[in-house]
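Given below, in the form of structure tokens, are the structures.
After this come two complexes, each holding subunit A, first together with subunit B and then together with subunit C.
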Partner chain A sequence: MWAYIVRRILATIPVMAVVALFVFSLLYIAPGDPAAVIAGDQASPEDVERIRASLGLDRPYLVRFGEWVWRILHGDLGTSIFTNLPVATMIAQRIEPTLSLMTVTILFAVSVAVPLGVVAAWKQGTIIDRLVMAFAVLGFSVPVFVVGYLLAYSFALELDWLPVQGYTPFSHGFWPWLENLILPALALGTVYIALIARITRASMLEVLNQDYIRTARAKGAGQGSILFLHALKNAAVPIATVVGIGIALLIGGAVVTESVFAIPGLGRLTVDAILRRDYPVIQGVVLLFSFVYVLVNLAIDLLYTLFDPRIRY
Partner chain B sequence: MQRRALLALGAAAALPAPAIAQPASNRVLKFVPQANLTSVDPIWTTATVTRNHGYLVYDCLYGLDDQFRPHPQMAEGTLFDDGGKIATITLRPGLFFHDGEPVRATDVVASLNRWMARSPIGQKLRSYTEELEALDDRRLRFRLNKPFPLLLHALGSVATPTPFIMPERIARTDPFQQIRETVGSGPFRFVQSEFNSGSLAVYVRNERYVPNPNAGPVSLTAGPKVVHFDRLEWHIIQDTATSTAALMQGEIDWFEQPTPENQLLLRRNRNVVVELMTPFMSLGIMRFNFLHPPFDNPAMRRALLPAIQQSDFMIAAQGPDPANWRDGVGIFTPGSPLASDAGLEPLRGPRSIERARQLMREAGYTNQLIRILGPTDILNPAALTQVTIDLFRRLGANIDPVLTDWGTVVQRRASREPLERGGWSITCTTFAGFEVMDPAGHFPLRGNGRNAWFGWPDIPRLEELRDAWFDAPDLPTQQALAREMQIVAMHELPFIPLGAVASITALRRNLTGRVPGFAQFWNIRRA
Partner chain C sequence: MSSTSLPPGLAVAEPMPDILPDRRPRRGVLGFLRRHPTILIGGTLLGIMVLIAIFAPYLWTRDPTALAPALRTRDPGPEFWFGTDMLGRDVYSRVIYGARVSLIVGFSVALLASVIGLAIGLVSGFIRLADAIIMRIMDGMMSIPPILLAIALMALTRGSVRNVIIAITIAEIPRVSRLVRGVVLSLREQPYVEAAIAAGTRTPAIMIKHILPNTLAPLTVQATYICAAAMITEAILSFIGAGTPPIIPSWGNIMAEGRALWQVKPYIVFFPAVFLSVTVLAVNLLGDGLRDAIDPRLAKRL
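Let's look at the complex of A and B:
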């Protein structure tokens, strides 16, 4: 097992190298010019050229790529073209809100979706099953920003229960922190509830038809015990996979949610950097996301061994 | 008690050591700027939001009132000698930077040198300057090769970049490199430790700042800068609907630039005031590329005039309420001293697509490709571009609309290549009223060919008139020259003016004393 973990972690190195090459090359060939954005609408072409030269953007591809890789190998993600701040500092400023949003969303989504999926499977074909599936279809169909605006309108503007926007760090207290995350997590979680509930239902239906479930019933096991102890544990592998995929997808969903609720997270940082062509920031954030993606996949693979001891690495 | 407050209390009771959010202090002002504060160097970037940041942290030698008359701010006064060729500026006593160091004339000289390298009017001033030196700690002297009547006006210019005064050690930074410290002598101190670009910028009142009692009336950037808040927070909220909701709920105090559809919502809220940010509207323009067919042909440019209905562009940008825009405007900011009706006849009278089509044919247009370049992510330029595309469709032209994000637009419009190699024919944008109210910073009005602003018009007469304007001794002479510039511009058409859009702002009703112009944070107070 440990050898496997070490192997997988080492395998991230070539993955990250390929990601780095792709990110740098894509940004190099993509249209847009940060010097022109910095110089502003009124700048003369000469000013733009001088800024481009001062940023080193007029140098050849290989020189720029080599310098970037060299810096990364020394643990330096570079400096933002626009803010003049280290990219690592900018990421550090933004990581807590995004992590908080993702954590609350996943906890919320899993705690709602798994019971929903289990109940839908248990009550297959009934009105409860249909309602759960209808919600799942709706959750998939309605864009996150629409759900976000509806929630903000209802719970912030009309009912005045929760704030419209913003983020309060955890260090300022649990309730202020949670208060700002409830609506964004609800908005972002809707899609994941739908996704996880559907997979849970399908997976449970398969398990509930197995012989050992019939045996458990015959031995007098209670319904709750059958559903949550016998069936759910055996249905957990696909559910864990979907939760893992969901965490990766959350990175994309967080971009929209962070915009709607003005949460200063990594999603907004990425979008802002892309719109401005702040290359060092884009490269740094994409590298980080790729690394997280690889780690999440590793964690899910390891979780399989908990749910199904037959799986060995 | 509101339910939200009740919920907070409930949670407080349930938790061992909660940190309950306190209600916003009356001494804190929460503001949502028009854009993210990405750079804090107001010389390096021309971003308006950075200029506004600059007015908090830095001070200028002079301020301008709403009639654009200079009044001293950091300066005690200026003495002119040798027929205006020597200007000696004395600093008022008691000026200190935020790091505690006194403001010296050497700081001012270094700051002005950096500014003159980047600012259009600064560059002009530099071309008149034989020597700029510090005479002692409080006096500096311009020695000019000929009088520069606009000297004090330039030193108080609100156009970007603005002549802010920084410590010498910072002002010695290459003007094409960003400064690394934010130290000024203005009414607020920037709190670097709390700065999170894209989220929050914090300023605290500069206790050592002494408002200038001789700075004239409180108007635009003139007048004593009296601060009534201890702390100012700029909350960067990209989504305008979210900012609107936050203002309605009182989570923020001031939303700098609500979109027209959000203005409708805000006007219905009795706790919010929606008003003109500035009497000086932004100018919309349709810019031609003079380097390539078909708009290298002046007859082709002029052929469009009978089809231009400025109100069409303005309604698309700002909605049908005429309070939010003006049509019938020329090349200078409407309402500013140089604005006039001279030469605007082709934009008046009945509009005719047919007539324009006929003129295009007479100009030799034979269905050549016209590439219209415009953004999709900036409200006003995007709307102007859409109307332009529609106009050319109605004219039956062969068009290639290129609609993309602003970052790509600013790169592609810099291309001087012909269309088949990625060039462009037309692009639309807006200029802030302060930028185009006179020829000094009016980039699209330049006619200096390949050195001109994107589109590169070569109109020597415009350059001659601009030079004459800088030397004009008084306002009537300047106005006469501006009228002539407009006549020339409307004939040669470096651009077509598309109307003027108002800048609307929204703030909580309990805020009073806002200084009209742009987002400034002195004089404003909570009632």
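Let's look at the complex of A and C:
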């Protein structure tokens, strides 16, 4: 098992290298002249040249890539064109709201979606199952900002139960922090819940047909313990995998959710950077999110090799 | 009962009486649609949206870009069905014309990503050396959340519908390639492909004649999901200002413009949101229906 774990960890290195190469190469893949686009329509030729030099587009590709990787390995993500601050500093200032939003969303979504999927599998073919599946299709179809506005309109503006927008840091207390995150997490969580509920149902259906479930039933185990102790344990691997893969959806959705609910996180930073054509910031955020995504999925893989004794590679 | 040909002592049983009603599945398009209602519903809704997009100028619309500052932020009513926005433009006309961008982006991305992904998937499923390299690249690309990849690409180009299509296509290709490669790898082990190899058929011919047709069914299903994802991504890109330029009305754009006023004039955001959601739902229903029709085994599980 340890050999597998070491191999699995080492296998992420080429993936991260390709991510870095790809994110770096976007400057060269993009059609047109990125320097001119970033400089804007009113820029003088000197401005364009200055930006070209600051992006390193005037030097050879491989040399540039080497330097760039070297700097990233030292924690230097470049400098913002707009604020002249290091990108790493700007990201550090904005990371707490995004991290809070993602954590709350993941916890909330998993604790709602897994029971939903389990019940749908248990009651397969009934109205409950159909309702859960209908919700899953809807969840995939209604975009996150639409859900966001709907929630904000009904629960904040009309009912006045929760704040409409904004973010309160965790250091100001647990409830003020959570209060601001409930609606965004609901909005962001919709697609994620749909995805997890669907895979939970599918995975449970497969397990519920197996002999050991009949044995458990025969020896008189209660329905709840059969579903959640006997079956769910064995259905957990695909569910955990989807929880990890689905984080890509959350990352994309966070950019939008933060705009709708005026949360000053990395998503807002990205949107502001787009409007200012501040490419180094976008590059830094994309790289960071991708690495986090790869590492979270690595962690999930490793966790179930540790906890599931059946998995031996 | 003439049982002359039977040996003596054996008799043919009497035919069973027709206890069960004749429930042969209906044939033809109508029967197919009856058995797969989601295809019918999704297809109809999508068809209506396509008609709306094509006939936008004849659906009692005005110029969707005409400014009328005197008529700013009118509530929905008999004159302006969906009201007007903060520049006095007719929201109804903008939403109707917005269908064009969404559908063009959705269909183009689905088609382009499928064709390119198919080519990449076929090559990497058949050529070992290429496979190792291509799949490493695809793994890397798949580790970048698709919306972020599209955002990064859009930040480097001028906003235009064409660039939006290119950006979303690049973000979707890895998933299609993976799917096709998976199908190719499993088909390669099939006896009929081995027979073709043994018969001396050249690799390109095997790929195109024997493998390609069998990838089309799962690919079609995947293409509908890509279409839905592309529509959402286009709306998101336009919403955050990295997509369709403001001159061309698109659902994401209209919502972005309504954003500043959404607490007082929620209808500007509401109408494009409903159209977008219904269209994406239609495409997803179509995809689910096609998936069930093509692979009944999978349909029972998911």
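Observations
Note that the second predicted complex is superposed on the first by the 247 of 313 C-alpha atoms of A that agree within 3 Å, B and C clash if a C-alpha of one lies under 4 Å from a C-alpha of the other, contacts with A are read in each partner's own complex, and residues count from 1 in each chain.
Operating definition for what follows: a residue touches a chain if its C-beta (ideal position, glycine included) is under 8 Å from a C-beta of that chain, and two chains touch if they have at least 3 such contacts.
Just so it is clear, the structure is predicted and the values come from calculations on it, not from any experiment.
By the touch criterion stated above, A:85 is placed in contact with subunit B alone, subunit C being left untouched.
Judged by the touch definition given at the top, the superposed model places A:269 against subunit B, while subunit C stays out of reach. When both complexes are overlaid on chain A, the residue A:211 reaches neither subunit B nor subunit C.
Of the two partner chains placed by superposition, only subunit B is touched by A:176; subunit C is not.
Judged by the touch definition given at the top, the superposed model places A:164 against both subunit B and subunit C.
In the superposition on chain A, A:259 contacts both subunit B and subunit C. In the superposition on chain A, contact is made by A:93 with subunit B only, not with subunit C. In the superposition on chain A, A:44 makes contact with subunit B only, not with subunit C. In the superposed model, A:54 lies in contact with subunit B only, and not with subunit C. Residues 31-32, 34, 37-38, 149, 153, 157, 164, 259-260, 275, 277 of subunit A lie at the contact with subunit B in one complex and at the contact with subunit C in the other.
Those residues of subunit B that touch subunit A in the shared complex are 2-4, 7-8, 11-12, 15, 18-21, 36, 38-41, 44-47, 118, 120, 160, 174, 176-178, 180, 196-200, 235-239, 241-243, 245-246, 248-249, 251, 377, 404-408, 410-412, 414, 429, 431, 435, 441, 443, 451-454.
Across the complex, subunit B is touched by residues 31-34, 36-48, 50-51, 53-54, 80, 82-85, 90, 93-94, 149, 152-153, 156-157, 159-168, 172-176, 179, 259-262, 264, 268-269, 272, 275-277 of subunit A. By the touch criterion stated above, subunit A contacts subunit C in their complex at residues 14-19, 21-23, 26-27, 29-32, 34, 37-38, 137-138, 140-146, 149-150, 153, 157, 164, 198, 201-202, 205-206, 248-249, 251-253, 255-256, 259-260, 270-271, 273-275, 277, 279, 282-283, 285-286, 289-290, 293-294. Those residues of subunit C whose C-beta lies close enough to touch subunit A in the complex are 136-137, 139-141, 143-149, 151-158, 163, 166, 170, 228, 232, 235-236, 239-242, 255, 259, 262-263, 266, 269-270, 273, 276-277, 280-281, 284-285, 288, 301-302.
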